[in-house]
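Okay, so here's the structure we're looking at.
The letters A, B, C and D name the chains in turn, as written, and every chain counts its residues from 1.
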Amino acid sequence: MEHGLLGQIEDLCRALLSSRGEASGVAIARRVLDLYAHATPDERHAFLRSLAANFGPDRATIGDAWSAYEREATPATLAAMIHAVEPPRQELFRRLNFAPGGTAALLAMREDLLGCGAEGELKSVDADLVHLFASWFNRGFLRLRRIDWLTPADILERIIRYESVHEVQGWDDLQRRVYPADRRCFAFFHPSLAREPLIFVQVALTNQIPGAIGDLLTADRQVMPVEEVTTAVFYSISNCQLGLRSVSFGNFLIKQVVEELSRELPSLNTFVTLSPAPGFGGWLARVLDDPTGSGWSERETEAVKRVLGAPDWHRDAVALASIEKTMLALAAEYYLSIKTGSGEPIDPVARFHLGNGARLERLNWVADVSPKGLREAKGLMVNYLYDRRSIEANHEAYVGTGAIAASDAVSRHLRENARIR
Amino acid sequence: MEHGLLGQIEDLCRALLSSRGEASGVAIARRVLDLYAHATPDERHAFLRSLAANFGPDRATIGDAWSAYEREATPATLAAMIHAVEPPRQELFRRLNFAPGGTAALLAMREDLLGCGAEGELKSVDADLVHLFASWFNRGFLRLRRIDWLTPADILERIIRYESVHEVQGWDDLQRRVYPADRRCFAFFHPSLAREPLIFVQVALTNQIPGAIGDLLTADRQVMPVEEVTTAVFYSISNCQLGLRSVSFGNFLIKQVVEELSRELPSLNTFVTLSPAPGFGGWLARVLDDPTGSGWSERETEAVKRVLGAPDWHRDAVALASIEKTMLALAAEYYLSIKTGSGEPIDPVARFHLGNGARLERLNWVADVSPKGLREAKGLMVNYLYDRRSIEANHEAYVGTGAIAASDAVSRHLRENARIR
Amino acid sequence: MEHGLLGQIEDLCRALLSSRGEASGVAIARRVLDLYAHATPDERHAFLRSLAANFGPDRATIGDAWSAYEREATPATLAAMIHAVEPPRQELFRRLNFAPGGTAALLAMREDLLGCGAEGELKSVDADLVHLFASWFNRGFLRLRRIDWLTPADILERIIRYESVHEVQGWDDLQRRVYPADRRCFAFFHPSLAREPLIFVQVALTNQIPGAIGDLLTADRQVMPVEEVTTAVFYSISNCQLGLRSVSFGNFLIKQVVEELSRELPSLNTFVTLSPAPGFGGWLARVLDDPTGSGWSERETEAVKRVLGAPDWHRDAVALASIEKTMLALAAEYYLSIKTGSGEPIDPVARFHLGNGARLERLNWVADVSPKGLREAKGLMVNYLYDRRSIEANHEAYVGTGAIAASDAVSRHLRENARIR
Amino acid sequence: MEHGLLGQIEDLCRALLSSRGEASGVAIARRVLDLYAHATPDERHAFLRSLAANFGPDRATIGDAWSAYEREATPATLAAMIHAVEPPRQELFRRLNFAPGGTAALLAMREDLLGCGAEGELKSVDADLVHLFASWFNRGFLRLRRIDWLTPADILERIIRYESVHEVQGWDDLQRRVYPADRRCFAFFHPSLAREPLIFVQVALTNQIPGAIGDLLTADRQVMPVEEVTTAVFYSISNCQLGLRSVSFGNFLIKQVVEELSRELPSLNTFVTLSPAPGFGGWLARVLDDPTGSGWSERETEAVKRVLGAPDWHRDAVALASIEKTMLALAAEYYLSIKTGSGEPIDPVARFHLGNGARLERLNWVADVSPKGLREAKGLMVNYLYDRRSIEANHEAYVGTGAIAASDAVSRHLRENARIR
């Protein structure tokens, strides 16, 4: 960064933190954000490093505060301690938020931070932003809004852009997802980002738990009269704001949407997802590469390899049938037996839903034959069931002991697994 | 507090902070706030003390974190340090905010806290709430709304209730303050408290700096066409939420209203207050009681005592004239020479406006002959001038050296003072 | 009217009706309405007479159109006939409505017309305005809005001003009528008069049919939980716009409010009014003056006269009891037997509700002891019942044969009547 | 129509017009519209014929009313006359409008009427609907709304569907027309048809009068900063509601948009269209077929024929240049000399803009090379200039004498024409 610009922003930041910031806070904040917005990537990076180096807490001050607090813990020594430990950049961020558009600008700043890795000293800057955003984007400040065909186009355009599970194929596809009487879409918004969804979920209303995504998204399906629906299927959840990574809304969103839909449609009795299995393909490849290491017989893995190796294999019903039992046993193992170092399933989507208290309800193979679905999961999809009566217990067990709530059907596949290999 | 209820709330709070809170946060938060809302004052007090005693940081953990951080300051040790120092009740408050109406409930909780003094250990609880509210009610999240005769009645009713400077005498008086073309009222709102103003300011548009409040509030005045106005007079600023005490919005409010009005009415060239002098009466009484100690001649103070001691003294024009010079000299001394231990004026309204960068522009005697105005300030009112060109310099000087920006006229009264006594 | 101004308006009106009006309609309409708004009452009257004299249909043209139509009725001759008969001022009014605020200005013009009697030739102008307003204020264009404590103050102020049955005693009284959970107020609005209610009804939710207005309006009553309410009492209906006289909304309003309330509160099973008897006092005075003519025995009428002649008679329970039977018999006669020339009850409120298909349910004496209630109705009030099962039949009978739907109780009073006199 | 259904609707219509309609108007109207909506095309046609045959005025009654009125023209005889002449179906339509959605249903009924030709007796029904709609859709009741990228998708979808001049090629094309800073779109709405635009205009902001549509619509153009724009180009005006045919809004729309844009962008000094020439192709073909009849030399017409007869002729710059002068002379003749029986230009777009008071400003050849532009107008487009100073005079001259306002440039082409042939 041209020394001038970095120095200029730093000076303004110090002014913002000083008494001048009290008199002219909005103006200074606006100026800082404006300079930052027009800076080059390198200049921004330099500024972020400066936040790490120059706007952190002072070790000596912390030491003194600790000595006083250690001697006697009083409200005053505690307050001094808290004040000494909080990095000044936290207050800086809060004051930058004085400017119109400040919240969006701070989210963009964190996007830059993540873009350059948020490594080393920058981790502290990132932690401060996350701490702040977690407080500001508190669930109590979020608003659930239905997304439908009466929603303004700029917001719908963002829905198209942010959808990350099953890509939206243009406006006609979007209309099919939000307009029909048996489709719903809900998003959380924050009052300071009125036109930016934070996270959204797409829901299909059906009369049974669906086993394949294609049936839900196809253009030539029958709309189901809402009087007949019994099941709400959450088939896509997408986070929209990179700048809010690790500030989590999904759990709240699903639960409030369950509430909303229950109120609107008392006939609903089942709330379930149709979810991708993004890690299954990779894991399976490793198993097939080294069946012995994974405890599978070569006979089984060779059969699987043969089928999956054929072109257009997912259209060959006979071949599919020949390995279905094995594939489901493998999937059951993937979900129930394979764990990360910290004892959780290796599938990120599974961690999310099981952590929310859902139950692994059903394994569906072949359920997603999109290129992505074939590539990442060999067509596997799963249903997680949100059963209000067991959500809390499932969650407690999962967090406490790592126990995974699974239906009998899924557990059976696992036993089958033991039998096969 | 019946042990059962306190124990029950505490258990729920611990659950809310634990993993159960992740699964059922909204429900648990709702339950806690509900129990609290229906508790007796004593039960609430007991809960607040429990927050101080049981939901603070752990000294040993802080000690360990400090040792690690002292050894090596890394993002990880800093993060551990920050986490160790932050009182768990801060996270508790954030999670209580998950509940619908949570923000309002937390404000009410702080009202309770202030109601029982926020003394001793409770000071830490109060500090945590203030820290949180300062972040949540960040200026960037506030919305300026005009209050006028198209405003919903429930909000207007709150304006009547919250007005703390010049009491609103019912709806007709309110209409006179918000309806005419030469009157304005603006308030800050927070998105989570949609029907509760946080602070509001009342403005009269005139063609000169007014010297008495009665002329502004009287029922039988002429409305001034907006084409003729040159001066915006901020004649009343009221904070509405006790629970937000020491979270300050006034400075921001005045400055944004100056911007709004400048945009709407380019002919405006003067932004000024007509403010009370709430501490003048008490200070004057002390001077009159002990003139020698305060350096005034008994001749002067006796004259003042004689006039102010008469019934209906404020109607006796001859008597008023006889002591006017002395009174203004006393007022000048009150504002410019008398300081608190920390070197600021003893008048709280002066501290607010001078701290914002305004200038003490004019002393007006007799300007407020309401019972309150006579009692608290012997009828004195003052104008503070907000001149955009000097606001920042005034503020800097005030904060840096305690210098008080005052007009030549006011300074002259002070010199007069020296001559008289 | 200064000839200049009248001539100027007339010229503009002719321009508006000509081809110039097609090019510059909005501008000319604005100019006409502006001149009219600033004209004196005499000038306005002159313009209204000019509308009658100069902007009516042409007799010769009608004659020709009739001849052609009489010869052969075709779409073309019918169209010519319709065009010839329609007074050009109707098109003029439509074009005046092009101007912003035109609808309100035309309503005000009709107020002026009614103010000067709408007599003689002006009757035709009035008929044209009524015809137009009936089309424009078609029920399909009206919007029902709830009036409550969240309603903007300017609209509430109009509710206070327009309430014509039980005067609103200031804002506190208004709040008692619209704020409590067991009170409702609904109004019809027109999109072009967004801040002007056209008609509104005030409703009390109770658990029985009330017999006195005081209990509903008193400041110190208990609010009834909405779970307990069974009865919606329409205790006041007020038309707001003089300019819309004889364009009738009341029937639609009551029926839609019945629908709204039924939806909101399924426990409601009774929809009833508590209505004044504005003509009863006058009629009774005539009976008491000339008992023989009216067929009453002097003994009865003398007793009534004696009681009603005493000061504060409505507080004398013993005296009231002594004539109650007679009074109710008289009231029954007033409602059921006494008719106008066209065969309808002489009470205007009765004509309205019976014409809507309601049933005269109960006579309440002494039910309204306000000065107005005592003066106009000697304290009498009545309940009209809106029973959805019989509304249409009641209405048909009333319109067809003049039959008045009345409860057994009311009919019994009438028979009592026959026995007494 | 099955006799039952027609009879049933007719009975309900009669009930609606009778006193029953007063008691239960909304319910009956809803029932009629519901039956109609579910009727077959033949049944609907039968009902429309019944409206013509059975719900028209009564000739004898008109005759009597005329006799009375002829004897003495009083407000009473005039009122009777007006009442006798107005077809009862007008009141029927007004009462059908009581039903929720009534206005939209009546528009759809007129679409049906136009769909079956509105011939013969049906012309009277059509005239009644037009008369009613002209009153209900009075300009004073319409609301101008900007259409942009914040507009709800359902309304944008209708813009795509209703655009009738330059077809919208999907959502990306739409975004290019409403989103960029130098594009505008405005529509009129009626309060009772909140989601249905009635008419809309698309505007390009430029710095010169454009001569070809392609430059405005192309995907790869530079957006012009609004500070630089001087010219607002109305390049497309589309009526949306077939049911409102011959109720005209275009004139009002253009003039209000001129006002809105002038307010928003004071730098605008030119308001101009870029308009199609839909009748030019047909007329030219007739000239070329029979040059002698039209007074053109065969040499000229043969040259034109040769060029226009070549494939992809519009891409051959040399050929275009060779006949440009002749083509513009022909176009000038088409606009300025060729008239309909009633003395107006034969081009419908010309009639609209010249009738509004615009001036024919420029002939542009080759300006529209879309298949439609080539087919209908051999690529010709024209600019009409809306100059506020001359609009009224132009309109008056056009309506009065048929004079066509044209720029010198256009007139020169006409003189050229004389010289050439």
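Here is the rule we use: a residue touches a chain if its C-beta (ideal position, glycine included) is under 8 Å from a C-beta of that chain, and two chains touch if they have at least 3 such contacts.
No experiment lies behind these values; they were computed from the predicted model shown.
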Chain whose average C-alpha position is farthest from chain C's own: A
A-D or A-B - the one linked by more C-beta pairs in contact: A-B
Centre-of-Cα separation between chain D and chain B, whole angstrom: 61
For chain A paired with chain B, centre-to-centre distance based on mean C-alpha positions, whole Å: 42
Distance from the mean Cα position of chain D to that of chain A, given in whole angstrom: 51
Sites on chain B at which at least two other chains make contact: none
Graph class of chain-chain contacts, one of line, ring, star, complete, other: ring
Contact pairs between chains, per stated definition: A-B, A-D, B-C, C-D
Chain A partner contacts - residues on chain B that touch it in the complex: 19-20, 22-26, 56-57, 59, 62-63, 66, 69-70, 73, 75-76, 78-79, 81-82, 85-87, 94, 97-100, 102-103, 120-121, 123-124, 127, 131-132, 134-136, 138-141, 191-192, 251-252, 255-256, 355-357, 391-392, 395-396, 399-400
Of all residues in chain D, those that touch chain A in their complex: 149-154, 156-157, 170-171, 175, 195
